[in-house]
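As structure tokens, here come the structures.
Next, two complexes with chain A in common: one pairs it with chain B, the other with chain C.
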Partner chain A sequence: MNSRSLLLNAYVYAVLAFVLVPIIIILPMAFSDTNYLTFPPEGFTLHWFGDFFGNSRWMKALRFSAEIAALTALVTTVVGTMACYALVRGAGRIGALFQGLLIGPIVVPHIALAVALYLFFQKTGLSGTVAGYVFAHSVIAMPFVVFTVAAALTSVDPALEDAAMSCGATRFTAFRLVTLPLILPNVLSGGLFAFIISFDEPVIAFFLAGIRDKTLPRMMFDNIEQNLTPVIPAIAVLLTCLSILVLVGAALLRRASVRTTAAPAQD
Partner chain B sequence: MIAEFFRPDGRHLSKAGITLLMLPFFALIFFAFLYPLVSLLSISVLEPQPTLENYRKVVDNPIYLTVLLRTLWIALLVSLLSLALAFPVAWLMARSKGPKVAFITACILLPFWSSVLVRTAAWAVLLQRHGLINEGLQLIGITSEPVRLLYTQGAVVVAMTHVLMPFMVLPIYGALRNIPADYARAAAICGANPLRTFREVYLPLTMPGIIGGFILVFLTSLGYFITPALLGSPQEMMIATLISQQIREYLDWPFAAALVGVLTLFVTVITLAFSKVFRFDRMMGGAA
Partner chain C sequence: MLDGRTADGAAISLRGLEKRFGSLAAVDDVSIDIESGEFLALLGPSGSGKSTILMSLAGFERPTKGQILIDGVDCTPLPPHKRNIGMVFQHYTLFPHLSVVENVAFPLKMRKVAKSERIRRAEAALKTVRLEGYGQRAPKQLSGGQQQRVALARAIVYNPRVLLMDEPLSALDKNLREEMQLEIKRLHSELGITVVFVTHDQGEALTMADRVAILKEGRLQQISPARELYERPANLFAASFIGEMNQIPVDYDGGVVRLGGGQAIALPQEALVQPVPPGKAVLAVRPERVRLVDATSADALPVRLRDVVYAGAGTLVIGDLADGTEIRARIPSADSADLRAGTTLHMGFPPGAMLLYGGGAA
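And now, the complex of A and B:
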């Protein structure tokens, strides 16, 4: 290794340390026996996990967020897959409109959408409802789902559906029995993305939340702003465990998707 | 812009079928995105009466103009810092093989799996009065007593760079990976030194990735809310925190709507100007 590449490696590992250290350093503070955050943590206690699970406001927020995230994942995968299928099998001028509208939610800042929805939901009575959050989060998560699903759909040979339909299947049956199983890993990982985006969404939650309908990120925001107790690192530990589970799940899905795309080549 | 990505094969589906399948998507985007946004923006020019007064207030009042310029400045700073941190990472990734690439990729993708609020809390702890960074500064003798790091513009810039830098790595890595190694050899045979090869071969070919990543980070920074709200100083607001203040404290909807209008105008103009190099599908595919 010459000196130039040594320097490059040193720089890159310093950057990676900058990325990782804040994420990792907060985790042990969950066990700190103080009511403020400090590093290294002092003492050892599981008190803050009890504080999270034993507090009805945190539990209510957790359930509320999980319900919203699950519904967001469902809505975006169904609506997104339908639109993707139409686009890949048809397109035309409506396709250009679709693509333009898809980019909107990516480039328009979440604060703009949050304020706009705050006003709109006040007029329509959707504020504070699960439906309101699901609409808002679906808009944000939709592009991620569409790109993930489209990546799989474009690689499915349309001749496979032709074959099914010439054997007497309707288009829907052909989609359900032939195409859907082939794109299912991507549909599911799109759904996972949508779930995580919704579950971790802080900006819309900040504006839409009332007193009784706070999502988990909104409760966390309030805690950080007001007193920042070790309940935040305790949640971080729990979220990390959840992320690991999801990552393992996603890896299994990816392995399944490799198998399905490799299958036609073996015929 | 992303037409090639979908590669429509144009077969089979009737016009009616396509419309029916796309209807839920259009309905969602219309009711939960376009209509609310347009009705908010209409307030900015219609209330209290048809006027451009709300927009004039943004540029005429030095306080608000300062917020606008500060937002642009912070977004630029975060984008430049992200580029400086991300380019060498992407470069090393493109130069390495196997487990090393997997390791660096995992490190870069890890933040995507971690809560934004947790990361913001982590910076609050690191930067606090008796936090690790202050203790470190005293240990190596830069300061003799704790300095104020939290609730400053510097805290906002560092924490935003931490969150947004990974978005810069993926498009640059994507561009670098597609450059065949033969090009560098060809340049060397023609007598170019490594610096010239970098400047005349690698840099132009990587430019779409660099610009794409830069614009993505810049656009996201412009509307950033959580980090400035939690780590910044109330005296040094960014546009998103100003919007929040106008709505929640002053209930001045027309002016807040005008601020949203300015922000939306900025991101729209930048997106359209760079639409050729701004390939969202690649950036998202990278994150996937």
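And now, the complex of A and C:
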């Protein structure tokens, strides 16, 4: 091993450590047998997890977040897949324009988007409603769904749909029976991403929250302001586990998609 | 054999077909009548409009002008799924997530045939293309040739009266291609279906088709049976596109042609496929019709040999006429043993081998 690759290795491990250390530090704090956050933790208890699951306000926020995340996943997969189909299969400049606009929610700071949506929702009465959250979260999750689906759709030969139509299928049936099954793993994986993006989303939720209905990240902020107990790292642990599950699920789905669309054998 | 097949294919009539993309006419006023049960090849270089005509027949392209009649019914505005036409594409278009038999049964599913009946007919179609027992495999487990045969089975399983093929063999290697050509011909005669076959391979067109339509830049050049196309091409493009053709610039006075070197040759009347006005013209002769003759022969043209290319049964002799025009002759190798590049010999054209076209060389 020469000195250059040694340096590179050191650099890579430093970056990994930088990314992972906060997560690794928060994990044991969730099990600390104290009323306040402390590191290193003292004692061991599952008390804070029980506190979370036993508290009706936390549970209400959890259900509310889950409902919004599920609806966001549904909306973005349906709308995102349709948009993706138009982008990949359609021709012309409008497609390129939309593709540019789609990157918008990624590059625009969420705080700017949140302020804009806040003002817009004040006028339209969407503030604090489920529809409002789903709309806002769909905007930020949409690019991830479109790009995930596009990766699969570009590898599906458009001639397959022509073949299906020559067999007597309408264009929609051809899409439903041929193209959709081939891109489904990526559609579902895009949906999982949308779910987790919405579920974790704190900034927009901060601006849109009504008095009664709060999402889980918003509740965590409120809790941090009032009394910082280890229930926060406990929730953080749960959210981290959920994220890992989703990432693993998405990876498995994409591996399945590679299997179905792999190149045919040559003679 | 497939069940309930209709005895014969549909008659197709293309009338004044035109397809414009902006200012470019991909297909320009093409009219073709295809008989019931005929095997027609559309032949041309890329950009000749042959695929656009096929796609218009299939319903994937909407012609800007003209009509497509199938058995006298105007199909021009119908979408692909309402045309009841079988189609085999250039690429492998089997559905990768379905098994072979599910692929073949797909058109029957679209026609709401009951499942057991679907499978039975799909298996029968697989038998027709000699892939019995391959039904449970995934498409990607098959070779390219097998995949195209499955695509063929899928295209004929619902007994369509027209089968369209868009260069279906172009992705296969040479041996497999020749085997598939015979397979498709056999199916054609067995099913009595009307076939329209697009290709850029002249050998394929001549081997397979009852008639060949030659296209160039969106226009129909000639539509004839293979023999007529080869022996009496309608114009210089058709003459040079199919096989090899010597093209010798001449002056024509209405009966006799005069070569650049001064020699005169009297032409028989049948040398003119179409009327040729006196003036500049091109004398066309297939290389295999050129003869080596004695210097004393009346039609002897002196040729300075440039190359003698031995190729087993035949030998290609390349030389220059007195005015420098290149001339090629294909002669049996048995007659070519003492030919040497750099020497001069004499060639002659039998009267039936000469064709005359007006204007300059193509």
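Assume the second predicted complex is superposed on the first by the 250 of 267 C-alpha atoms of A that agree within 3 Å, B and C clash if a C-alpha of one lies under 4 Å from a C-alpha of the other, contacts with A are read in each partner's own complex, and residues count from 1 in each chain.
The rule is simple: contacts are C-beta pairs under 8 Å (C-beta built on N, C-alpha and C of every residue); 3 or more make two chains touch, one makes a residue touch a chain.
Just so it is clear, the structure is predicted and the values come from calculations on it, not from any experiment.
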item	value
Side-by-side fit of chain B and chain C on chain A, or clash	fit
Chain B versus chain C, judged by how many residues of chain A each one touches	B
Partner chain in contact with A:Ile111 - chain B first, chain C second, else both or neither	first
Partner chain(s) touched by A:Leu238 [first = chain B, second = chain C, both, neither]	neither
Chain B versus chain C as contact partner of A:Ala70, first or second or both or neither	neither
Partner chain(s) touched by A:Ser166 [first = chain B, second = chain C, both, neither]	second
First, second, both or neither for A:Pro181, with chain B first and chain C second	second
Chain B versus chain C - smallest C-alpha distance in the overlay, whole Å	7
Common ground on chain A, meaning residues reached by chain C in one complex and by chain B in the other	171
Chain A partner contacts - residues on chain B that touch it in the complex	1-3, 5-13, 15, 17-19, 21-22, 24-26, 28-29, 31-37, 39-40, 43, 85-86, 88-89, 91-92, 104, 107-108, 110-111, 113-126, 128, 130-132, 162, 165-166, 219-220, 222-226, 229-230, 240, 243-244, 247, 253, 256-257, 260, 263-264, 267-268, 271, 280-281, 284-285, 287-288
Residues on chain A engaged by chain C in the complex (per definition of touch)	157, 159-160, 162-171, 173, 177-178, 181-182, 260-267
Contact set on chain A toward chain B in their complex	8-9, 11-12, 15-16, 18-20, 22-23, 25-26, 29, 37-39, 75, 78-80, 82-92, 94-96, 98-99, 101-113, 115-120, 135-136, 138-139, 142-144, 147-148, 150-151, 154, 158, 161, 171, 189, 193, 196, 200, 202-203, 206-207, 217, 220-221, 224-225, 228, 232-233, 235-236, 239-240, 243, 246-247
Chain A-facing residues of chain C, complex	58-60, 79-81, 84-87, 89-93, 95-97, 106-107, 110-111, 139-145, 147, 151, 154-155, 158, 164, 172-173, 176
